[in-house]
Amino acid sequence: MSLERIKPHLPWITLLVLVLIVGIADSNFLRPQNLMAMVADIMPLFIMALGMTFAIYIGGIDLSAQSVANMTTVVATVALPTFGISAALICIVAGLTFGAVSGFITTRLLVPSFVSTLAIGGVAYSTAQYLSGQRALYMDATLRDNSFGWMVGNSFGISHEIFIGAALLLIMLFLQHRTTFGRALKAVGAGELAAVASGLSVARIKIIAFALSGMLAAIAGLLFAVKLSGGSPTLANGFLLPAIVAVLVGGTPLTGGVGGVLNTLIGTLIVAVIRSSMLYFEIDATMQQMVFGIILIVAIAATIDRSKMRIVK
Amino acid sequence: MSFIKKFIEQEKVNRRNFLFATAAGVGGFAAAGMFGPGMARAAIQDPTIAWSYRNRTNPYWNEIVSGGEAFVESLGMPKDALVHLINEGSSEKSLADVKALLARTNGDLALAIDTNDAPNARPVVEACAQSGAYVSTLWNKTDDLHPWDFGDNYVSHMSWSDEKPAEETARILLEAMGGKGGVVHLGGIASNNPAIERLQGLKNALVDYPDVELLAAEPADWDTQKANQVMSAFLTRFGDEITGVHCANDTIAYGVLEALRAEGIEDMPIVSYDGNPQAVQLVADKKILATVFTNPHWGGGITAALAYHAATGTFKPSEEPNEHREFYGPTIMVRPDDAIEFKTSYLDNVPTYDWQDFWGPSNGQIQYK
Amino acid sequence: MYQLNKVDKKFPGVHALKAVDFTIGRGEIVGLVGENGAGKSTLMKVIYGAYQADGGTVTIDGTTVRFQSPRQAMEHGIGMVFQEQSLITNLTVMENIFLGFESQFVKFGIIDWKAMAAAARHQLSKVKLDIDPAMTTANLSFAQRQLVELAKVLTLEERVDGDLVILLDEPTSVLAREEVELLFKLVRELRTRASFIFVSHRMDEVLELSDRIYVMKDGEVVDVVDHDEADIDTIQHKMVGRDIDKEYYREQKQGPYDTNNVLVSFDKVSLAGRYSDISFDLHAGEVLCLVGTEGSGREPILRTIFGLETPTSGTVSLKGQQIRSFNAQTGVSMGVGYIPRERKVEGIVGGMNVYENMTLSQMQNYASGGVLNISRERELARQWIDRLSIKTPSVFKDCGGLSGGNQQKVVLAKWRSAGSDIILLDHPTRGLDIGAKEDVYDMVREMCDDGAGIILVADTLEEAIGLSHTILVLKDGEAQQVFHGQPGDKPSLYDLVHHMT
Amino acid sequence: MDGIVTRETLVKWAPLLVLLVLILFFAVMEPRFISVRNMARIAIASAPALMVAVGVTFIIIMGSIDLSMEGTVSVSAVVFAFAFLAMGGTVLSWAWLALPLALIVGAVIGLINGLVHVRLRIPSFMASLAMGFVGTGFALLLTGGDRIRIEDEVFRGLLTERWFGFPVMCYVALLFLFIAWFIQSRTTLGRNFYAVGGGEELAHASGLNVDRVRVMGFMLAGVFYAVGALLAVGRIGIAETATGNNFMFISITSVVVGGTALWGGIGGVWNTLIGVLIVNVIGNGMVVIGLPGYVQDGVLGLLVITAVVLSTDRKSVSFVK
């Protein structure tokens, strides 16, 4: 019985244990400003994972997230001189649109999201290549500071990226727990047929979920572009798998209906800690990837709540 | 052939000279740093030395890292004292790893890095500068980012101007084609700067060969398998019209060679880039007409050395001229007649370099267009 | 021959089986009845090896056995014909029959399909089913599938020395009466080769078929009755622990409906391939029952009213307003409530708690600007928990963990609290025990009194007759006959069956 | 009922029709596309991908998913190359033992993958994703980042030796495709994949050892990944950590395009053959007709969606995730 009670808390217990293990090995790791810097750096990834959570929560997946983020790094950089801060709006709308199209193809044309989002990701990547002229671009420093300076920098010793991440997290938490959309999303994830029989427009809810995923991927790309002060069609490469891993490790399995955005925060932090631990334990360069995989298996085995999965596929 | 010899002489230094130079403190610019005002500055006694790069699956990066390790060994440390940060092609991981390492070392860090994507260079440099660490970059940075804007902490940037050498290989190729026919180009990841420059090199050369047509240029993402497929498709599309292939690097050339081999085509003129050992062997075997060696071993070592010596106060970067802070790396053309000699004296036995002769083999200040 | 001695089974928080004694002799047909949650399914799972008993012993011909898996039970001649359709529809009939035991047809790693087909034909002949064993199971009717399942269990005959015990879990729930007759005939013939344990909610059928009947309540066997002494009332009394209302279907509460207030109007409505040229009116206070076999078009009509199907011709009006765009949102906003057959997957959302389920169809009423007012939701849930006496520890309880009857009440509460007055009931009492059924019947009458109209697809014909004012008999998607029934003046079962088939 | 039969037939043959339409389209755009030599080129590109896709087909039929193929292919390729060179470096010596060794390596990785999934009760998506990291990491550890060249003319005969215009590797792939088809249709294991995919709980209740079937499935997939690895090495002559790159998304996409359902129980290896060919025909065709590189990803995406839409039996699907 006690194990049953611990289960929902396993993700953050896992996180705490990992932090302590690294902390014991090197107390430098535990210095607040270090932890803070680590959290700030993981924010773009976190924001993408946040969006991914919605897609996974309804039992799908969004493989276009990385390409959409790539695209928005380019869009942000290209649009900045003309549109200033409105470039952000263009990015967000672009992300929403690509996500919604993925959602439409998944729900209306019945193409599995694994394939539809991968394909739409291809379109986003082509768009990025076209817009960038297949080059890495950089933002003019003054223009960037004028329009997006607020995204980077510090207040009260805390990086603004953390504020942005926290704000988005709070909005998404609110969305998940306190709105009709969040409730509908839960119903679709946990019992799609019952949601249909309750008169919910399941297709619309799913399309919105994918659109949100696209939008947050776009915001992740935007933030990353501002942070790096430039854009390129490959700039956000390497986001996709860690973002998926973050959602899964956080305890939102692909079966849908379980977990949520708070889990994703924990999952992202677990990924960040595992990644840093490679440095703190001085894992040999050629071994890092293997070690990452093994820790991942252990972490997933520890965090997922199997009681809500009837069949493990 | 002679220029290779000269180059090797220039870069290679015998052990005795090297020891003498350091002991006597007449190591060129180093002297200024050692006894100059730099000493007054709080130099880092024993910085952690780190190399941050893309991955271990590419021979190019392995060469880079071997240079870094050779440098670390030259300091009397074991080679695993060099910290490896591998970004797996992710700028995000690249930056996060650097930050984590800065945190772990409290900024006592000498970092050599290729930031994976150009825009990533700025935040990396800014983070290092903020923590008081010393950083030297290789290959990727945006044009508006300059070491001299960061005092001492952004020590240097080294890159290669690939346009000229690529133009030279292209000329070799076009000559071999008899100045007529059709050429295809297989490029790197489209947005990568070297990929853009290497294609531009070909285009420059083509101006002088009006009878040669550039049939197509497709990205092959530095990837052997992708190159293989793209070349196969080219063969369908153009068939016998293709009389020469210009490859953006050696790994692409391998894929091209195999695609031709599958068709039983043995004598297609091909040129490539990078001078990997296998490619050099292929040049010796006349399978490839030319490749360009950029000496990644030296590049990897010297980039780490610059960061390290700036960190320990051996020299003070801000007192160096601009051409010592942004400069082109060396390039050597490898052709069939000198490939064997080049290989034995250069690749099979890696020369011992003077890791304090920072700029000797370099190729002048970086020019922006 | 097969015997359970003082078998005990505990789950966290539940004592599911309390020292149960159970015996079955050679060739005997034993009935097993009890309300939902009485422990029937746990007992069966212990018998066929899905659960292991915590205490007590299981013996076969005096030898103690202990099964770790269904497969071990099979090796001892115990087979199960499942309540839910348990054939895998993408496989062929013969593959289903020999699933898990293909090795007998394998030579050098290769399956001999011809040999398997021959063996399958042999099995099918036992249940008098003449179909091609290489047919994909999805193409069979429900009745045929039920027989294939039986044939599958009968393969134990060849595999096992000694006698068989076959568990039949609600085998008749999807069968029409004549199909039930066929099945019973078959079971009686087969008793020369096997003993049967027959579990059903249809008391009359249990009585008809069984030699002895075990009555279970709260994890205990409360009575064992012989066929000749059995009597429905006594058994039901034992099961429920109270008297069953003679007026089972609450006919005395059936009032007249308001002929002036038409809620649903179908005028020559057709849906290609499903039903054609259907016309009827549903009035406030009326129970209209759609009667017909599987595939007669009952469900598509319900789905059309709810908005999940768009008819190909004809006009549908709800409350006098012609419907042009068919979607569930319109349906719900017009006051349509749908209580689907598959309660666990379509009725409630497992993983969501009581109040979340109750407001699922009417969230906009508990939200402003898309933001939910959760305290009001809880308030609503508490009210309806009291009103329908839903047994749940709190409003936070995951509905997936409630019993079937209570789940059904949550679904009903969902629609009634939203003020829906066109209620579509699809097999509302399926799988419920008697007590819970009666609760549902009471609610049907209450809803009518409140002025709601109900369209019912009943679980049994008796239920259809007992509950409804109007019965529309369908066959192959076409309306056959309309019956009107007042209390005391209802159409007979025969009348309906005559038009159904 | 006639209408339904037509629809079913249509759905069944839709992937093939899509393939033919694509071939026709590219042939009209560029007549050279249809030449035997180009068909051979497409076949060469398809052969390793086909083997990997066939492997994952079994897993998908079970309703699971396997994302470990990139790691498995890399490890198998690298182990093969090391063993091959260590034992003589030519097929005509004891080095031929490296071939079966590679298959065993694939099976072992599949076994571990299956055990992690089944024993630790981790959904296959996550278990295999993590195992993929471990595999790629292990390949990297083995090679230290180096590439290993396989120069043996006999082994490279896979590519250079041609029968009727097609290299030997295409026939090898065809042979293994037949083996896969045999396993799928004539063995207990193959049929059990369909049972598990059609209804896992029911299969379990029928006495099927579902866990064992799952583990065996992952092992079998591992063997086919290893075959894919051998063909990939045969095609390029290089074994490296990157040998497995790009197999994951392309193989699963191919399986889906071929008409095998991700929710399990439907489809098979012939579907996968069609799917792999569709994806490779598009890839080759786009270059052949001279589509600019930067639009190719987008066009591939749109064509894949179109192909899946055309070949999905929409009536049988209630919802898609």
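Each chain gets a letter, A, B, C and D, in the order it is written, and its residues are counted from 1.
Operating definition for what follows: a contact is a pair of C-beta atoms (placed from the backbone, for glycine too) under 8 Å apart; a residue touches a chain by one contact, two chains touch by 3 or more.
Note that this is a predicted model, so its numbers are computed, not measured.
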| item | value |
| --- | --- |
| Partner chains that subunit C and subunit D have in common | A |
| Reference subunit D; chain at largest CA-centroid distance | C |
| Chain pair with the higher count of C-beta pairs in contact (A-B, B-D) | A-B |
| Distance between chain centroids, defined by C-alpha means - subunit B, subunit D (Å) | 36 |
| Rounded Å distance between subunit A and subunit B, as computed from the means of their C-alpha atoms | 34 |
| Mean-CA-position distance for subunit C and subunit A (Å) | 43 |
| Gap in Å, rounded to a whole number, between the CA centres of subunit C and subunit B | 73 |
| Subunit D, residues touching no fewer than two other chains | 140, 144-145, 293-294 |
| In subunit B, residues with contacts to at least two other chains | 56, 190, 219 |
| Touching pairs - complete list by chain label | A-B, A-C, A-D, B-D, C-D |
| Residue numbers on subunit D that touch subunit B, as the complex places them | 30, 32-33, 35, 37-38, 40-41, 44-45, 140, 143-147, 149, 156, 159-160, 167, 232, 235-238, 240-243, 245-246, 283-284, 286-290, 293-294 |
| Complex contact set, residues of subunit D against subunit A | 62-65, 71, 116-118, 120-127, 129-138, 140-141, 144-145, 200-201, 249, 252-253, 256-257, 262, 264, 293-302, 304-305, 308-309, 312, 314, 317-321 |
| Parts of subunit B lying in touch with subunit A, wherever the complex brings them together | 56, 65, 80, 83-93, 95-97, 99-104, 106, 117-120, 122-123, 140, 142-145, 189-193, 196, 219 |
| Residues of subunit A defined as touching subunit B within the complex | 26, 28-29, 31, 33-34, 37-38, 41-42, 44-45, 73, 129, 132, 134-138, 140-141, 224-225, 227-239, 242, 272, 275-276, 279-280, 282, 284-286, 288-289 |
| Residues of subunit C defined as touching subunit A within the complex | 12, 306-308, 327-329, 331-332, 336, 338, 340, 342, 345-352, 356, 359-361, 363-364, 367, 370-372, 374, 414 |
